[in-house]
């Protein structure tokens, strides 16, 4: 069974009581169906109540769930075929970014995705989903080919952030991410990005310059990890919950801020509770947008992507400072 | 005084006798001007004889002379200004390839050159003029900018070959050279390459895809080092002299084979005997071709470069085998 | 479209003389506060954090705030850099009225902004406009380290993007001086996407075959390194500036990895192929002039070819 | 223009049936000579150099000359590869009459050529033409290891360049199988520039948005690695093939550097980011079919989007 979060325990307790009642009823031959029925209704209500009102921090926990489906889980369900292509042709093949050519609803597309591991061994191989410069350079190489051959690009974002070690610095982590941003902004093919789990700052953004940004319901996409934010703001990493609320990084927030285009529904409790259902939902939404984008001309695709970026941000055009609050 | 080659010793001996005669004449007050005169004429003849009929192997020795001028010697004489730009933006700055923006006869040009060291310390820094993949990738980066800004490209070839160590293999030496060839073949700006010393196989060729190939009189440009060739052919590296003759790699050979466009004269005995004269000669020849090329359209520059490459090679269009020699 | 998120507040106009008048004196920077006020009379003297020499502040200003003993480059304000860099009276500021709003209602952000504005005398973390060096026109943007460490929020991103777009209209080259801790967390995802916005604008500039020179100054990190700062056709750094993606403290904390001496300096970055030129502040003006000149469109150069 | 260098000699026509008839049986390669003829009856059996298993030659042929025990990939002739790879009767050979001349009068070259031609039954080190895989048309070039180790002289370069140019005319993708020791020294600078010629042709192909798949097979080194072999949009290798720029013996000699175990294998190259896919010979046909299909222009795919 999947790992339980604190906020899920009331549900689990009720469900446990139901199964005890059922067992008791079976053992003793006593009819408790009415009690069970009542409790089951209560569970449904409770689930709706809890899962329908998840706080940002709870979504962070779901997005980081050890059993949260990763790209390799979705790939066989989303694509009729997927050929993984490797390497940046410069230095190494980075296992925290996977990419290649896939067949999506019969259409060849280029796919690039960040991939976290599911266990310690895999996480070491994939550097916990934190790409090095070679990962981003592989992404550029593959996406450049999509541009060359007129293939739509689908990216999948799922990373705590870019690798932050000496090697990453030596090989130009900043340069690699910046080149990704520049490259993606210039393509004449449709680009659809989906945050499937964690969208951690610049390392995530590197795959997020798109015509359409989708977010799974319990994913988040943030300029900084809530723990780091709490540490800077309140010198207290345990206040990550408060930081999570302040950062406005849930799918709903990003829709409201004009950054995300659509929220993709997850099964109650999160994608890990029903991979197939999530994949179906995701497939349908991506397909819907891909149909639309494929009807646009290359120049329009490029220019609308640029205009989408251009509009992100809020400011006012007046050199006035706010009077409602004042420094002493 | 510059290092003397075996074939230069008769000249040196004569010159030594002249100076002895002059000293004797001065010491003893005896007039030997006629004898000196005769000897000096003999020296002139001898020099003409020797330097005018250098064998390929002797040119190899001159091209590899420890005091042979390298790119950094020529740069201040060829250019009114030179701004060296560094790095491949990926991994490292390679000191065996220098590049940047220079002002040549008042025209901004992009310059890329292989550079050997002049002493052991510098040679270690410059890996004996043998570039790693990062050197070729720096070259591509700088030349791509020349294309972007419409600047002519001047390359200077002077390398025993590309680096041949594990690091070079790991970082894709073959890929880096191949990308150089591909990139240079596609530019719409004039490309003039000059072999100023040693042109060692693929590592040299990487900077040699050009509209005009110039060769200094005593330079050579070969598919393989004569020593390696001798070792393969005759299992005997001391037969490098014979291999040098067989490989047809001197400036004159390459003119005859349709690969080089012009031979740039060197002072008697080689460029190291008069750097300024060599630089003047080189400047004049490059300038002559640059004027011509700058009058061509971008598309013509690209296409004529392609056609120049397309024509290199000799073959016959008949599936006949040679009868004059026959295997038993 | 963002109106529903606007907050209803009242504004007054800040006196903007301070930021718009160019002064030939180089304004001082917080870094001077390194000098203990107990040891030295207020503001007249400053102690070099590198060599320890006590310097007369006026002399330091006259030398572009570069230590006359060890050549340590003190941090410098955007206005100070302009004064050192561009032809007199050639600077025309753009979008100076662009102002930040607390779009996420982020805890403490309004106070921080007010404090930064009052302390620095500027509205935001970047100054943009057009200017000339040795007569050559170009578009310039300079991060202001004194304003929340030059961090990039909506206004910084927007001003830089607008400056680049105007450079395309005017067919002028762009020079950006970076000093930044990265994206500004108080504007959340909106800050993050300024990286994409500025990079995309530079993509258009490149497509138009216009030169972009990125000048890195101490410190340049995070989202700025991972966007416009790394995209120069030519990348220049001031000597010894610290430049990287992740800050050394975070690398140490998260990776338990001690960085070698000299890591993330300009020189380290150059060795790793990431920087074209290291240019001392005192040489920046002639060096930029050379580079701008050689990229001038239709320039004559008195060419003999 | 090269007429003055031509040598006056007489020619006769070689019987080219051998090279033009496609056989469904996979021709054997020199490598089989590894098996001592004293131990095993002539040609019927072959010993695997990797696992030591003694294999029935006919079985080995039927398995694409891949060891049935350890999957060691024996070297294979160009004709053998064609037989395994392309749709029956779909191969149309191009430029089969292109023949080499001893342009530099290089010591021993004519003898070497004659020997190679007589031994291999082909004229030169590459076969080019058009063919189909699962009905999809493409242009193919295959190096012939049996001909002077697939080294690249004027003919190899010219045939590859012509094939690429014809692919552009026909708007077809190109697949090149490399096996080569590098540039052929007996043709000096002319060989060297075949690297540039083939790379330039691939540049034109790329400009025309046509797919190029490079398949590396054991061994691929030198001037071939440093030109067409490394320029694939997609680079595939057979398992365990040795691939590099400088051969291990030369690295050892010149650098006094012992290569680590597994260096320069396909797997090593993939780890270092240089190869997309490692595909067993028995899977090559369906794998190429997939890739070619997804790059077909105007293909329908029964698309639902």
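Per-chain numbering from 1; labels A, B, C and D assigned in written order.
Here is the rule we use: contacts are C-beta pairs under 8 Å (C-beta built on N, C-alpha and C of every residue); 3 or more make two chains touch, one makes a residue touch a chain.
Worth saying up front: this structure is predicted, and the values here are computed from it rather than measured.
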item	value
Co-neighbours of chain C and chain A - touch as defined	B
Furthest chain, CA centroid comparison against chain D	C
Selected pair, greater C-beta contact count between B-D and B-C	B-D
CA centroid of chain A to CA centroid of chain D, Å	44
Centroid distance [mean C-alpha coordinates] between chain D and chain B, Å	33
Chain centre separation (chain C, chain D; CA means) in Å	54
Shared interface positions of chain C, touching two or more other chains	206, 272-274
Contacts with two or more other chains, residues of chain A listed in rising order	89-91, 170-172, 175
Pairwise touch network: line, ring, star, complete, or other	other
Every chain pair in contact, whichever chains are involved	A-B, A-C, A-D, B-C, B-D
Partner chain B, residues of chain D touching it in the complex	1-2, 5, 9-14, 16, 96-101, 103-104, 106-108, 110-111, 113-115, 117-118, 123, 153-155, 157-158, 161, 182-185, 187-197, 199-200, 202-204, 206-207, 222-223, 225-231, 244-246, 250-251, 254-255, 257, 259-260, 263-264, 272-274
Residue ranges of chain A in contact with chain B within the complex	89-91, 133, 137, 170-172, 175
Chain D partner contacts - residues on chain A that touch it in the complex	81, 83-94, 101, 103-108, 134, 138, 145, 148-150, 287, 290-291, 294
Of chain B, residues touching chain D in the complex	162, 164-166, 168-175, 177-179, 181-182, 184-186, 201-202, 205-206, 208-209, 221-224, 228-229, 232-233, 242, 246-249, 253-254, 256-259, 305-306, 309-327
List of chain D residues in touch with chain A within their complex	206, 209, 211, 233-234, 270-277, 287, 290-291, 294-295, 301-305
